[in-house]
Structures are given as C-alpha cells and as structure tokens.
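In what follows, structures are represented as structure tokens.
The following pair of complexes shares a single chain, subunit A, combined with subunit B in the former and subunit C in the latter.
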Partner chain A sequence: MVTPLETKHISKSYGNERVLSDINLSLNSNETLSILGRSGCGKTTLLKVLGGLESPDGGTVFVNQTDIQTLQPQDRDVVYLYQEALLFPHLTVFENIAFGLRLRKIDEKKVSKRTHTMIRKLQLNGMADRMPDQLSGGQKQRVSFGRALITNPSVLLLDEPFGNLDAYTRSNMQELFKQIANDLTITAVFVTHNVKEAILMGDRIGSISEGGLTIYPSVEAFVESEKNGVQEEIEFWQSIDKNTN
Partner chain B sequence: MKISELTLFNNKAETAGIGLFLLLAVLPLVLGVLYALLYSLGLIGLISDGFTFSHWQRALSDQEFWLSILYTFYIALTTIAISITSALAASLYINKPLQKGIAGFSAYIPLAFPAIVVAFLAFQLGSQSGFFARLFFQFGIITDTAAFPEMVNDPFGIGIIAAHTFMAMPFFTLYFMSLYDQENISELSQVAQTLGASRTAQLRRIIVPIILKRAFPTLTLYTIFVMGSYEIPLILGRQTPQMMSVLVIRKLRRFSLSTIPEAYITALVFIAIILTILYLLFKSRTFSYDLDR
Partner chain C sequence: MTSTVNIKSFWAKVLAATFIFPVAYLLVLSLAESWLFPELFPVSFTAERWSTLFSTNSELFNSLLLSLVVAVMVAFISTLSGFYTSKQLAYHRKRKLWMRLSYFPFVLSPVIYAAVLYYYFIELNLAGNIGGVILGHILIAYPYSVILFSGFWGNRTQRIEQLVQTLGGNRWQTYKHVFLPLAQGLLLICFFQTFLISWFEYGLTTIIGVGKVQTLTLKVFQYINEANFYNAALASSLLILPPIILLYFNKKYLFQKRW
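Right after this comes the complex of A and B.
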C-alpha cells in the first residue's frame, strides 16, 4: 500500500535556534494527523517544509513514496491551507474554487461541473458569483477549503485553519471538514494549538515540543501524556467544575 | 437631547462642507464650461454675432482637431503602457534594492522634478544639438550632429513619451511596491503556488491582475493627467500634430480672434471625452482582470 506522506529525519534551524529536530512521520491514506503545539514551537515550519515553502537543513520528504525534496511547491501535489482564508480578491467564489482546475487546463464543462459540485458540498449555494469581500469569515474559509480540495491533492496541510473563527462557526467547519475529508479520502496534517480540536480532527495525534515530534499511539496515550498540556487543561476544567458545584 | 444636537451639528458641518466644495471646486468649472459653451455658440465674446453653429461646424471639420485627439490618446496610452510595464517589472524584480540605500533614494528623485524642468532636460539631452548628439559625434558614431535620430520635436512624440515616462515610472514603481505589501500578494502567490501555479502563472493570474485592479483608479487619473499635460508637449512636441491642451492655448492666443471659439470647442470636446471615459470605466468596477481571459 502506498504511503501518501512520509518524512525522514527532517531538521531545521533559524540561526542558533533549532526549530525541528529529527522529525519522522508516516501517514496512511485518508488519515488525518493532528499536531498540537504552542505558538512558535515549529508547527508552521514543519508544514512549510512539507509543502516546499521552506527548505529543511536535513532530511527527506516523500509523497506517494517519491522523494519530493527537490521539487518546487507547485509540483508536489501538496496543498497548504493557511489560517487566513487568503482568497484571491479579484476572483469570484466560483473562480477561486476553480483556480487549481484552470491551472491544469481541464475542459471548461468539467471545471463547471466539479466547481458547482464543490460549492454544493461546501453549502455555498447561490454564492458562486460573489466576490470575497461579500462573504463572512466562515464562508471565506469554506471557499478556501474548496479551492484546496477540488484538485484532490495527495496531501492537505492545514495550518490552524479555524483559528480566526468564532466557536460556533469553528464547530461547523470542523464537522464539514471531517465529512469532506472522508468523502474525498483526503490525507491531511492538521496543525492546531487547541487540545479539543486536535482530538476532534485527528485520526492520530502528535505534539511538537522543543523541536521534537511525538506521535501518540492512541487518544488515551495522548491524554495521559504530561508533555503536551492536556493534563493542565483537564485540571483547569476540573477546578472550574469543583468551584461551580 | 445632546445626541440630536450632535447629529444636527454633524449635518450642518456636512452641509457646509459640501457647499464649500461645490463653491470652490465645482462652480468655477461649471461656470467655465458654460462660458466656453456660450462662446462657441456665438452668444458671448468679442466676435459674438448671435446664436450660430458655424464655429462648431468649422472646428469639427478641421483635420487638425481630429488629429490632435488621436495624438493625445496615442501619447497618453503609450506613456501609461510603458510606465506600467516598466514599473511592474521594477517593483517585482528589484523591489528589495529599491527599499533601501541609494537605489531607494534615487527612486524618489524624479518625483521632485517639475514637468517644465523635465521637458527642458529632455530637450537638452535628446535634441539634435543636445548632449547625446554631441557625445555620439565626439565618439565618431555619427558624422554630423544632425544625423542623430530625432527624439525631440519628432513626429512620433518620443521626447514627450520619454519625459512623461521619466516622471511616471518611479511613481508607479513606489505605488505598486506599496500595493504589493498592502494586498498581501506575497502570501497569495504562495497559496497559488501550492495550488500548482508556476511563477509565470502567479504573475499572470494573481500578482499583475490584483495590482492593476487596485491601481485602476490611480492609473485612470494619471492617464487623464498626461492627456491634459501642457509644458512637456509644448517644449518637446511638434507644431503639428499637437496635443489638445497645446492646441487649445495656440488657438486662444492667435492674432485672429476667429479661432477663439474653436479653442473653446476643443476644450469642451476634451472635457466631454474625459467625462465619457470616466463614466464608462467606473460604471462597472467588478469586471475581472485575469489576463488569461
């Protein structure tokens, strides 16, 4: 069975600061790996290395068991999704979503069919002709998802994509992502600093601390670990619970 | 009560502001246009002989008038096209050096030159008796300074276009560089790249369309500014064809008073053209600028 994403001994430093140290990971098809970590711990750097937007100091990245280390980001079949929606401001919702298909010079009828199907999946019916500045934050993030997913990339990299959304919209988007990721058999790395989100979104969970990545064998092992801040969070909610009772 | 007083004050301030704007900015223009219109119809002026369309008939049948319109458009559009292309290239490929040091400072220098100074400099450098002609002659590249190619007072307006480009290009370069940061274009390019866009596709589909769309009002206004420029075409242009502004002044100052109504008609047509262009361009501002379509 082909492994969609694998890294071996990835390391990266900025000056004297070691951000990533000997990172090894391997993802199965249609699997989402949540990576939890504090701000500045190297989560985004890891995603950028995987996407080809940053060069590692050492190590190798494999996509579908092919070494992609020397490939440009546009040739990796790995799509990076930012915290901000970053929609192209001069294009409509339809054209934003269809962007990747147009680059691949796909037949106009197929572009139209696939884009409208994606718009329906994203529950953005009737908004195809809207410009980005006519959308809410949640709607923008949906379009951003659709734009990333429509080309069916081998790996999707999500860098705290719901970080700027309110709790209700965030919860909706989490459900929507899980549903679409399942439908389209997406393999993804989902980076977040939110413990609950890491558990909800990931089939497996990892955490980055002091440059090292720990991938937990189960949710229980993740919860029991003292390295990732979950215990502090549990204690906090238990203390609230005690105080209110 | 206080709220209503505040609202009333705001309304008063707004009303006064709009009134002042109309009085100082719009009224003189309207009066000027009205005066020109009445003059062109023979209703006022030194040679007024009662209502007539004869001045309009004479002006509109004059070949020089139409040639002047075409020449004005040619100069303005060529200047803007060259300036935009070179400014885009500079802002995208040498933006880092332009943000610091001598190169950064030098980008601002042409902005300090008044149009008339630029025109004289261009004349002294580019004419057949100018600096470059003498330099070429001294190096033996040409046998006579008159053999130097006509770049000033030439039929293609090379001198005028060069002088305007000298002024416009640094301005657009600095403007595009600031838009590049404001519009988050660096990150949008990265997004496009991970979606599969090569550098060329990023330029064609993202970077250039976004910059041009945002810069559109400024580009339009600058084009109008070039169309209405006077000193540069006066010094660097030919007797014929002339840009509309130069033609208007020439007709106004002729010994014969009979050309004054024609001067006003040329000015009125110029204003009508500009207003029509502005109306058409700004009527629908949502059209896409994707260069691939």
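Right after this comes the complex of A and C.
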C-alpha cells in the first residue's frame, strides 16, 4: 500500500534557534494527523517544509513514496491552507473553487460539473455567483476548502484553518471537514493549538515541543501524557465542575 | 435641508468652473483670430490654426505624436518594470536600503538630475535623440512606480502567492490570474501617473534632448518665449487633452474602490 506522506529526519533552524529536529512521520491513506503545539513551536514551519514553501536544513519528504525534496511547491501535489480563507477578491465563489482546475486547463464541461458538485458538498447552494465580500467567515472558509480539495491533492496541509471562526461555526466546519475528508479519502496534516480540536479532527495525534515531534499511538496515550497540556485542561474543567456543584 | 443641498450644489459648480475655466480660456484663445486688450471676448474666430495642425509636416502635430510615443513608452515600461521590481524589493532582506535608494531621483530637481547624468548620455550616444529622452524620463518614472507598488506586496500578498503555488500555479499563472487582476486599479493609476510625469517633463527633456527632441511641452514654452500666444494656447489645448481622456477612463479606479 502506497504511503501518501512520509518524512525522514527533517530538521530546520533559524540562525541559532533549532525549530525542527529529526522529524519522522508517516501517514496512511485517508488519515488525518493532528499536530498540537504552542505558538512558535514550529508547527507552521513543518507544514511549510512539507509544502515546499520552506527548505529544510536536512531530511527528506516523500509523497506517494516519491522523494519530492527538489520539487517546486506547484509540482508536489500538496495543498497548504492558511488560517485566513485568502479567497481571490476578483473571482466569484464558482471561479474561486474552480481555480485549481483552470490552472490545469481542464475541459470546461468537467470544470463546471466538478465545481457544482463541490459547491453542493460544501452546502453553498445558490452562492456560486457571489463575490467573496458577500460571504460570512464560515462560508469563506468552506470556499477555501473547496478550492483546495477540487484538484484532489495527495496531501492537504491545514494550518489552524478554523482559528478565526466563532465556536458555533468552528464546530460546524469541523464536522463538515470530517465528512468531506471521508468522502474524498483525503490525507491531511491538521495543525492546531486547541486540544479539543486536535482530538476531534485527528485519527492520530502528535505534538511538537522543543523541535521534536511526538506521535501518540492512541488518543488515550495522548490524554495521559503530561507533555501536551491535556491534563491541565482536564483539571481546569474538573475544578469548574466542582465549583459549580 | 434643501438650502444645504443648494449651497453644496453652488460650491460644486464654483469648483467645477475653476477647473473648466482655464481649459475653456485656452480653447477660445486658440480659436481667436485676434484678441487684444481691452476686448472682453475675441472680435473674430478662426479655425485655421486647428486645420493646419492636421496638415502634412505640421511641427506641432509631429510634436504631439512624439510626446504621445515618449509618454506611452515611458508609462508602459515604468509601470510593468516597477511592478516586478517592487515585488523583488519587498521580499529582499535589504528592503529598507533599496526603498531608500528608490527615493534618490526625487531628492534632486529633474534639471540637476539630468545635468548630473548628461555625461553618461553623451558617452552612450543617447543625447539628442528620442531613445535618450525616453530613458531619461524612465529614470524618474521607474522609481516612482516602484514606490507606488511597494505597498501592494505585503504579507497577505505573499501568502496568496504561496497558496497559488501549492494549488499548482507557476510564476506566470500567478501573475496572470492573481497579481495582475488584484493590482489592476493600481496598475492603471501608475500608468496614468507615469504618463503624466513624462508628458509634462520639461527640464530633463531640454537637457537630454539638446533641443533636438521637440516634445509638446517644449513647444508650449517655445511659443510663449516667442510671445505667440495663439499657438501657445493651441499647443496647451493639445497638452491637456490626453490627461483629460486618461482621467475619464481612470475615474472609477481613482475615485472608487473596486474590491
């Protein structure tokens, strides 16, 4: 079975500061790996290295068991999604979603069919002709997902994609993402600093601390670990619970 | 409420009149056969000057064409190269130094700037010809364009560029489908401004052109020096025509925000 994403001994430093140290990971098809970590711990740097937007000091990245280290970002078949939706303000919802297909010069009929299917999946019916400034934050993020998913990339990299959304919209988007990731058999790395979100979104969970990545064998192992702040969070909610009862 | 509207409307008309009056005055003067003090209006009119403008070998018409070629070339080259250069500078590690240097041509007056560079223009055989004048104008318009576009290349634009790359777009596709449409309004404004810089340039054209490259602006000054007010008015009417046309086509970008 082909491994969609694998890294071996990735390291990266900025000046004297070591941000990533000997990072090894391997993802199965249709698997989402949540990576948790404090701000500035190197989560975004890791995603950028995987996407080809930053060069590592050492190590190798494999996509579908091919070494992609020397490939440009546009040739990696790895899409990077930012916290902001970053929709193109001069294009409609339809054209934003169809953007990747247009770059690949896909036949117009196929573009129309695939884009309308994606619009339905994203529950954006009737919004195809709207401009980005006519959408809410959640709708913009859905369009951003659609634009990333329509080309069916080998790996999707998500850098705190729901960070700017309110709690209700965030919860809806988490459900929607899980559903679409299953439908389209998406393999993804999901970076967040929210413990609950990491547990909800990931099939496996990892955390970055002092440049090193720890991938836990199960959710239980993750919860029991003292490194990632889960225990503090549990204690906090238990103390709230005690005080209110 | 109605009186407030009336006062606003009155002042709007006064403001419009102050802009329209000089243009109308020049037009009337260019059509006057004779207009001497203390006559309030010309005694008689003639279309002869305007008709000779379009006759063969009209010096003024040749100057008009020359000015158009120079200004369009300068605006086109400066806008596109400034757009590209500003991107390279924006993400360069010595960005601040380069941006400071791009203000250098504006520290000196264009005449002194031209005098300083004149030696090199002679050495390169560019003094006294149209190529030299275009290059001279670009030396002022290009840094202006770089400065104008520097605000476009922020962190957000860089993130958009990276996003387009991971979506599969190469450098050309990123420019074609994203950067150029996003900067459309700014590009048109820059083209308009650099066109005007070149169109009205006098001192630098005089020095680099050595009087051999007779642009329309030089013609206006020549007619004024000769006390030929009617021809000066005709040349001035031609001088303000292209900026008015460009202003009309650019008005939605100058006065409205598109996105």
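The criterion applied here is as follows: the second predicted complex is superposed on the first by the 245 of 245 C-alpha atoms of A that agree within 3 Å, B and C clash if a C-alpha of one lies under 4 Å from a C-alpha of the other, contacts with A are read in each partner's own complex, and residues count from 1 in each chain.
Simple rule for what comes next: contacts are C-beta pairs under 8 Å (C-beta built on N, C-alpha and C of every residue); 3 or more make two chains touch, one makes a residue touch a chain.
In this text, all values refer to a predicted model and were calculated from it rather than measured experimentally.
Based on the shared subunit A superposition, would you classify subunit B and subunit C as clashing or fitting together?
clash
With the two structures laid over each other on chain A, which partner does A:V93 touch: subunit B (first), subunit C (second), both, or neither?
So A:V93 meets neither subunit B nor subunit C here.
Between subunit B and subunit C, whom does A:A198 touch in the aligned arrangement: first, second, both, or neither?
So A:A198 meets neither subunit B nor subunit C here.
Taking the superposition on A as described, I'd like to know which of subunit B and subunit C A:L122 touches: first, second, both or neither.
neither
Touch check for A:V111: first (subunit B), second (subunit C), both, or neither?
So A:V111 meets neither subunit B nor subunit C here.
Kindly classify A:I23 by the partners it touches after superposition: subunit B alone (first), subunit C alone (second), both, or neither?
Neither: A:I23 stays clear of subunit B and subunit C.
Is A:R147 in contact with subunit B, with subunit C, with both, or with neither (first, second, both, neither)?
both
Tell me which partner A:G51 touches in the superposition: subunit B (first), subunit C (second), both or neither.
Both partners.
In the overlay, answer first, second, both or neither for which of subunit B and subunit C A:V189 touches.
Neither partner.
Jot down the residues of subunit A that show up as touching in both complexes, subunit B in one and subunit C in the other.
Overlap of subunit B and subunit C footprints on subunit A: residues 51-53, 72-74, 76, 78-80, 82, 84, 86, 88-90, 99-100, 102-104, 131, 147-148, 151.
Spell out the part of subunit C that touches subunit A in their complex, as residue ranges.
156, 159-160, 162-163, 165-170, 173, 177-178, 181-182, 184, 259
Can you check the complex and tell me which residues of subunit A touch subunit B?
51-53, 72-74, 76, 78-80, 82, 84, 86, 88-92, 95, 99-100, 102-104, 131, 147-148, 151
Please give the residue numbers of subunit A that touch subunit C in the complex, ascending.
These residues of subunit A touch subunit C: 51-53, 72-74, 76, 78-82, 84, 86, 88-90, 99-100, 102-104, 131, 133, 147-148, 151, 157.
Name, in rising order, each residue of subunit B that touches subunit A in their complex.
183-184, 187-188, 190-198, 201, 205-206, 209-210, 213, 286, 288-290, 292
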